[in-house]
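When the chains are written out, they are named A, B, C, D, E and F in that same order, and each has its own residue count from 1.
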Amino acid sequence: MARIVCFGEMLLRLSSPARERLFQSDKLDTNFVGAEANVGVTLSRMGNDVSMVTVLPDNAIGDACCDTLHKHAVETKNIVRQGERMAIYFLETGAMIRPSAITYDRKYSAFSQAKGDIFNWNEILKGADWLHLSGITLAVSEGAQKASLAAAQAARKLGVKISFDCNYRPSLWTGREAEGIKIIKDVAAHADLIFGGDKDVQLLFGISRNAENPTVSFQAAAQEFFKHCKHVSHICSTNRTVISADSNTLAGFIASRDGFAQTKSWDLFNIVDRIGGGDAFAGGALHKLASGAPLQDIIDFAVATSAVKHTIPGDFNITTEAEVSAMLSSSGGDVKR
Amino acid sequence: MARIVCFGEMLLRLSSPARERLFQSDKLDTNFVGAEANVGVTLSRMGNDVSMVTVLPDNAIGDACCDTLHKHAVETKNIVRQGERMAIYFLETGAMIRPSAITYDRKYSAFSQAKGDIFNWNEILKGADWLHLSGITLAVSEGAQKASLAAAQAARKLGVKISFDCNYRPSLWTGREAEGIKIIKDVAAHADLIFGGDKDVQLLFGISRNAENPTVSFQAAAQEFFKHCKHVSHICSTNRTVISADSNTLAGFIASRDGFAQTKSWDLFNIVDRIGGGDAFAGGALHKLASGAPLQDIIDFAVATSAVKHTIPGDFNITTEAEVSAMLSSSGGDVKR
Amino acid sequence: MARIVCFGEMLLRLSSPARERLFQSDKLDTNFVGAEANVGVTLSRMGNDVSMVTVLPDNAIGDACCDTLHKHAVETKNIVRQGERMAIYFLETGAMIRPSAITYDRKYSAFSQAKGDIFNWNEILKGADWLHLSGITLAVSEGAQKASLAAAQAARKLGVKISFDCNYRPSLWTGREAEGIKIIKDVAAHADLIFGGDKDVQLLFGISRNAENPTVSFQAAAQEFFKHCKHVSHICSTNRTVISADSNTLAGFIASRDGFAQTKSWDLFNIVDRIGGGDAFAGGALHKLASGAPLQDIIDFAVATSAVKHTIPGDFNITTEAEVSAMLSSSGGDVKR
Amino acid sequence: MARIVCFGEMLLRLSSPARERLFQSDKLDTNFVGAEANVGVTLSRMGNDVSMVTVLPDNAIGDACCDTLHKHAVETKNIVRQGERMAIYFLETGAMIRPSAITYDRKYSAFSQAKGDIFNWNEILKGADWLHLSGITLAVSEGAQKASLAAAQAARKLGVKISFDCNYRPSLWTGREAEGIKIIKDVAAHADLIFGGDKDVQLLFGISRNAENPTVSFQAAAQEFFKHCKHVSHICSTNRTVISADSNTLAGFIASRDGFAQTKSWDLFNIVDRIGGGDAFAGGALHKLASGAPLQDIIDFAVATSAVKHTIPGDFNITTEAEVSAMLSSSGGDVKR
Amino acid sequence: MARIVCFGEMLLRLSSPARERLFQSDKLDTNFVGAEANVGVTLSRMGNDVSMVTVLPDNAIGDACCDTLHKHAVETKNIVRQGERMAIYFLETGAMIRPSAITYDRKYSAFSQAKGDIFNWNEILKGADWLHLSGITLAVSEGAQKASLAAAQAARKLGVKISFDCNYRPSLWTGREAEGIKIIKDVAAHADLIFGGDKDVQLLFGISRNAENPTVSFQAAAQEFFKHCKHVSHICSTNRTVISADSNTLAGFIASRDGFAQTKSWDLFNIVDRIGGGDAFAGGALHKLASGAPLQDIIDFAVATSAVKHTIPGDFNITTEAEVSAMLSSSGGDVKR
Amino acid sequence: MARIVCFGEMLLRLSSPARERLFQSDKLDTNFVGAEANVGVTLSRMGNDVSMVTVLPDNAIGDACCDTLHKHAVETKNIVRQGERMAIYFLETGAMIRPSAITYDRKYSAFSQAKGDIFNWNEILKGADWLHLSGITLAVSEGAQKASLAAAQAARKLGVKISFDCNYRPSLWTGREAEGIKIIKDVAAHADLIFGGDKDVQLLFGISRNAENPTVSFQAAAQEFFKHCKHVSHICSTNRTVISADSNTLAGFIASRDGFAQTKSWDLFNIVDRIGGGDAFAGGALHKLASGAPLQDIIDFAVATSAVKHTIPGDFNITTEAEVSAMLSSSGGDVKR
């Protein structure tokens, strides 16, 4: 199993229960999550040795976040405890035509206010196989950008491979799109494995989605990545069709410099919780790539990992490799006794 | 925004949680609801100035009902506090082939036992744009019939427009169908806007549903209404197909004296709670009609309002106009960040 | 209504709430269940006079199990209270592609450790119309096998009819398949009514499922049963297709020595809880057969009974005969007021 | 063990959870209860053979009430199913200086509207050892008074002993105190065992409480009962001091025609739920009297039974005789392993 | 009843349920609260006409806060909707020797970042009888200080009386104690009614608590207030002794320029939730003072109001005047039927 | 901080919520616990490096137990995963005079069925400062006795100090008291630190409790331990008085070969959950002893640690050293802001 370092912000997720509107009743469900931590938990649950790097306030909220990482066997010794508050997001889980709605309260977080030089990457990355970064971190603050770049450069130097999920969220870059394009490209330039969805590709290379044949647009985008990012060996992406908040379809694509594979379109009906589905995909792909699987196995496993995430409440994908493999090989769904 | 007065009985809804059979566990969920209050809350949440007129006992149950109306910004100063008990209905939420089942305990309620002359309609309706009434109220008691008619007459005189949802529930009129037909027609004769479903039209005019082409039967029914009700300017109706307790389809129709519009058939799959769906439709239609929208906009908005109600636990449709509009314009369902 | 004795082990079911992974949160839902008790509760709720025969420890857990049976009007006076522990099973309710997963903790149970001669069957079966047994009991222990055979022999002698659900669970017979085949055939030889699914028939007679035309394989299997089991008058079976944990289809088949009937394929979408669905089928069939209904009525009612079970949390099918009949006669699903 | 028939109204209790004000959140806890049913459940849990006689509507609410009685092994075959609604009471559980508050919604109940002659007492009481009645029933309606008197007369004739809890609730007799005094005395005249608290005695005989020495006032009251009620052999009473909603003290008294016993004053601190405490006292006393225990044992057991009721949520006293005896003999409170 | 304007910050309170440590399980209870809003809700529930003035973000969290105020009939039209986030506090409810623990996340809130001149006090205060301010607001930000002073000055000019709760929280003034003393004195100089506890008095006038005779230190403090604050007519204070998180005692004191009254020491045992107890005291005192009650009545009512708050989950004191009066006049605690 | 190895069985605790009787409702709360794991979690939460040694089945239940240990930062790499089932105990939390009641279902557990030689103690104990054992383990099985002795011998040889909680539970040794005395003495002979309560001392040395002066009996017992156990340097004990299930008092005693200290008697009123209180005491004492604190500090800290455990739901004492120290130094209980 691989040793993997994940870097990014963690948030306290506060969600309304049972498809209620936010604050319809007086209870909220809590989860400690984050795009990169979600990837880390997927990897840890599959047997990898994962260390989370982030910034958390030194209070009861930060402590509880660490407890949660511990529960999922993610190491926390590289987490810096400073600052005033932990980022929060409120989630109203959607239903039918009513989309899930996220209200962010992440500004002024300890992570976003941390300087870019507080991490000793040479120390942190020693012995690691992979470093996982994402574009969400780049949108958080200048310090987070600097820290991401420094991490990528240190990893490159140490021979630690880099996984990068572009993860472009338009709402996080409003009014500074050019800055976003530049920094995402700068980090991607160091990456060995890149996750890039429709929005990323459109942003970075001006290639828009081909709804009829998503394979075409994925392959065009992959070529752009291979052209611009000299270290990259694999590009992964998904194509999600949203029928309703409860019903999506999902397919996955992977390209290497000399190969390509894609999955069937999976029916994701009766979705329990789709938040974290993309991170589960990244975690599943990285897990299989790190263990040297062929392209088709990587992408099938990644989409299956994402699919099973949709069945689990919370952002985290609490699933073993064996469970995902069983779902790939069986017709699925009947009671396991 | 309009000033709207809603008149009708309110009930304490006691429902089993999580698709359980009634009393399967020892918890019940509570809501304070009512066909006309449901319309009122839809209108209030969309920015209108709504006053509820009803009768509630002067005890802790009645107080809690008023608190609920306040929460949704519905005015309660015209509510008469007298009598012994509040109407109750027990709801077992259905699933799949098991229909939702309602057990009423509404007899002897403060509302039903109130005399027909306890409301000073001239005072209550002063400054109002619309009065909303429904046929359910007419089935409750003689006093409720008198009060409804008095309200309609006062509104007519004061230039307050009248919205009337025929809302014929066969179980409420058993053994006194003729009385029902007469009083519903009497009130409809005062209305500017009428909501009439299949059952209403069959009762009032002997027109049965044309399942293959519901447009035909709706338009025939509309003509009957226009013929018999001299003040009416708009007729609205829905056509609902029940596939299972979880899955319905819904379409809407509207006719003016010289126009007609209908919606696409909406798929309502994975229904969270369909009770109050008809009231949300009425509220959505009245909201748009009051703001002078064209026929197509009125009926599209009304069905979308009803659709979103199906995603929300409880009778109340806690949705803003902006949210409904967004659902009409987007392909819908993806996470809003 | 019939007097029916059910014999088998009962278990404490501990299940994760709201589609969570097992122990994801710190709450478990509890039910006291068992394949034969599930049949018994279906029969009791439909008005039959049911007595449960089992072994329970004489402690607070066993007491609570009896309370539950009492709640469903099942008689407990023939339950032997001895031994150390009650069998347990942990259930993680699945969703979408993630199957429901059962972890058994039933070894060393009071039932499994009881000797085969602790029941006075002549006393217990006096006045009964039917005895219900199942193949699960046969897999539990040698004592349970002896007790089952003794019960069947006593019933035969007393003129009590025997219902037997083969209920072959491969995981319970691992490494002793031959023993299983022999004892199942031995008990089946006494039965009047046999429930046998695909796995049972494959095990007992080497007939495998014909997926394209399940009717063919059912009828072949039925002929085998009629040939080998001289007392049997009716064979029932279902054909279930698992699309996902939430979506199945289900059809039913019944054969008498000179007749055959089958149902339409029922769509079971948005399943609430499928555990106990097979037992509900058996209960529904036995209820109708005991009351002398024709083949088509028996099998239609049995599948409808099973279908409604899928809408109810827990193993038990808490439904009246009238409710099932209503679902058969109506298009189903609309709110009952 | 004794065979005991209990007669009285049952109510659906709807209570706010966790010391919340009524409807502070949107959940209510449900219990099916009643002064006489509470006595019946205490007796059933202690091994007696109890049959409940009452009137319940023939709907889902009445069915659930019967299920509850079954769960506690109370027979329901003598329950008449007719009428429109079941009585309800809303309970806000108090705390500290805030008293528990009950809002009744029991008027027009099936029980209160039933005629006095619908019960065949000769049939119902056949083979019974005791009939338990209470003064609450007498306050409900004229029919309930007639039925109570008829039951008492039939019991007298059949040699069935009568237990009668005067249970005077001033709020139930407002404006008709004289009627109350008469009918309570009329029924008491038939009783063998009478439970009479301070309020009863003050009402019936004008003897007020002697707070300094409650023994004095109890003994004076007992003499009055012995004088006026020729059949009565035992009088029981409690003396409760309310320090706060959470903290009470309780002592018990019993008198026979030639004996007297009383208990220590029990500290009831950290009360969980005191509703039903008086009924548990009556049940405990009747249980011990029926089994021929001496005065001191009866009254000690009765107060201990009441004390343990204060530790259990709901009206019902779910406790075995062995548990109560253990509390009497041990210093109490340490963990039982 | 009086017209009262309350000004101050509101917070989302997130608390662990059932005495759990914070985040011990994955549920949090939500309340929208605030020192001044707590006073406002007490006053509104007692029949006064209350308007809340604060700043809330224009998002789903701010909307839900307004809904809550509406539920308690507090007017929200003077609330400014701007800024990015609502203040939050996490509450772990203590037990026994473990104190309740608050973790604030209130920095950068919309309220704290608002400028001091965004409120039109002449408009807001028109027609009001009282303005309620508190020292907590003064600690929030410079803008909040300016707005408080501006409000006080406008009130003075318009003849609106001013209630001021010094509410000194040392943790909010760390490192800027002198600034705190000055601004609190500046606002107190305008006040008609001042609430000042031990810490306030020690801070402002250097008078420390006399634990043996709190009356002495209160009266000394009151004289200081009368000397320094020329408009003040009444000073109120409480003396709380903390035995444990569950058990406190509480007494109240009031002084006018020529009078003094105090209450008995109330036992507050088995506390449900003590947060907001001081605000309830202020609300109760202001309610009685505004209605012209004599000193003894004011202070008795204020402490009783605070006492009942300790019985209610959440910061808000949801109690009517009649309920508090009943607790004052009765021995208290027995079930109200 | 110290490195500590804890050895013993873990159990799944299933407890009724909210003071309900076991199975009164259909929910159970879950905790993974154990006498030695409880000690381990206390030590881990106080900053020590703790490794748990036990046997767990290799299934979903065992996995969840490991997750829980991870959450509390307890290392699980030395846990052997084998066997069929995890031990369970059902807990009905008591109230007032009703004691908490435990129903064990721990027989046939993986731990109890494991052989005594499956642990490589030289490997496990390498680098450890302390090994913690308890007498409960000795009662479980012969294998557990052998493993305990082997662990103690290996520790002695490696210079790892041994902490031993005699923890005599009479119900676990019924019928084999002599065996118990012998093995407990055998293990105690290796210990450096011994925890011995009243029952232990009575069992081992025939010294019964002196209720009037518990100091006397403790000191007599300590002398016996010092005499018989040559390695022991410290003896700790508590004296608990059970007033009710909610109210206890607790004092602690410690003796070294030349010193003695005791605490005040702590009032433990309004107990939230007392299970694990003794283990928290042991953990607190070991923590302070390991850090070289003087006798008085050790015993004060140990009792305070136990006291705070009584405020926390579950067996685990989730408290930091700083929190316990704060409770020792403050008067305690007031809100921490």
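Note that in this section a residue touches a chain if its C-beta (ideal position, glycine included) is under 8 Å from a C-beta of that chain, and two chains touch if they have at least 3 such contacts.
Everything numeric in this text was worked out from a predicted model, so none of it was measured.
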Fill in: Far-end chain from subunit C, centres as C-alpha averages
E
Discussion item. If I compare contact pairs by residue number, which of B-D, A-F or B-C overlaps with A-C on over half of them?
Written reply: B-C
Worksheet entry | Approximate Å spacing (C-alpha centroids) for the pair subunit C, subunit D | 42
Practice prompt. Measure off the straight-line distance from the CA centroid of subunit E to the CA centroid of subunit F, and report it in whole Å.
Written response: 45
Worksheet, complete the sentence: Contacts with two or more other chains occur in subunit F at residues 18, 26, 67, 101, 270
Worksheet item: Which positions of subunit B touch subunit C when the two form their complex?
Response: 18-21, 24, 94-102, 104, 169, 171, 242-248, 270, 274-275
Worksheet, complete the sentence: subunit F contacts subunit C in the complex at 14, 22-23, 26-31, 59-61, 64, 67, 84-86, 88, 90, 92, 101, 103, 105, 107-108
Worksheet item: For subunit D, which residues count as touching subunit C in their complex?
Response: 67-68, 70-73
Worksheet, complete the sentence: The residues of subunit B that touch subunit A in their complex are 18, 266-272, 304, 307-308, 310-314, 318, 323, 327, 331-337
Discussion item. List the residues on subunit D that touch subunit A in their complex, please.
Written reply: 25-26
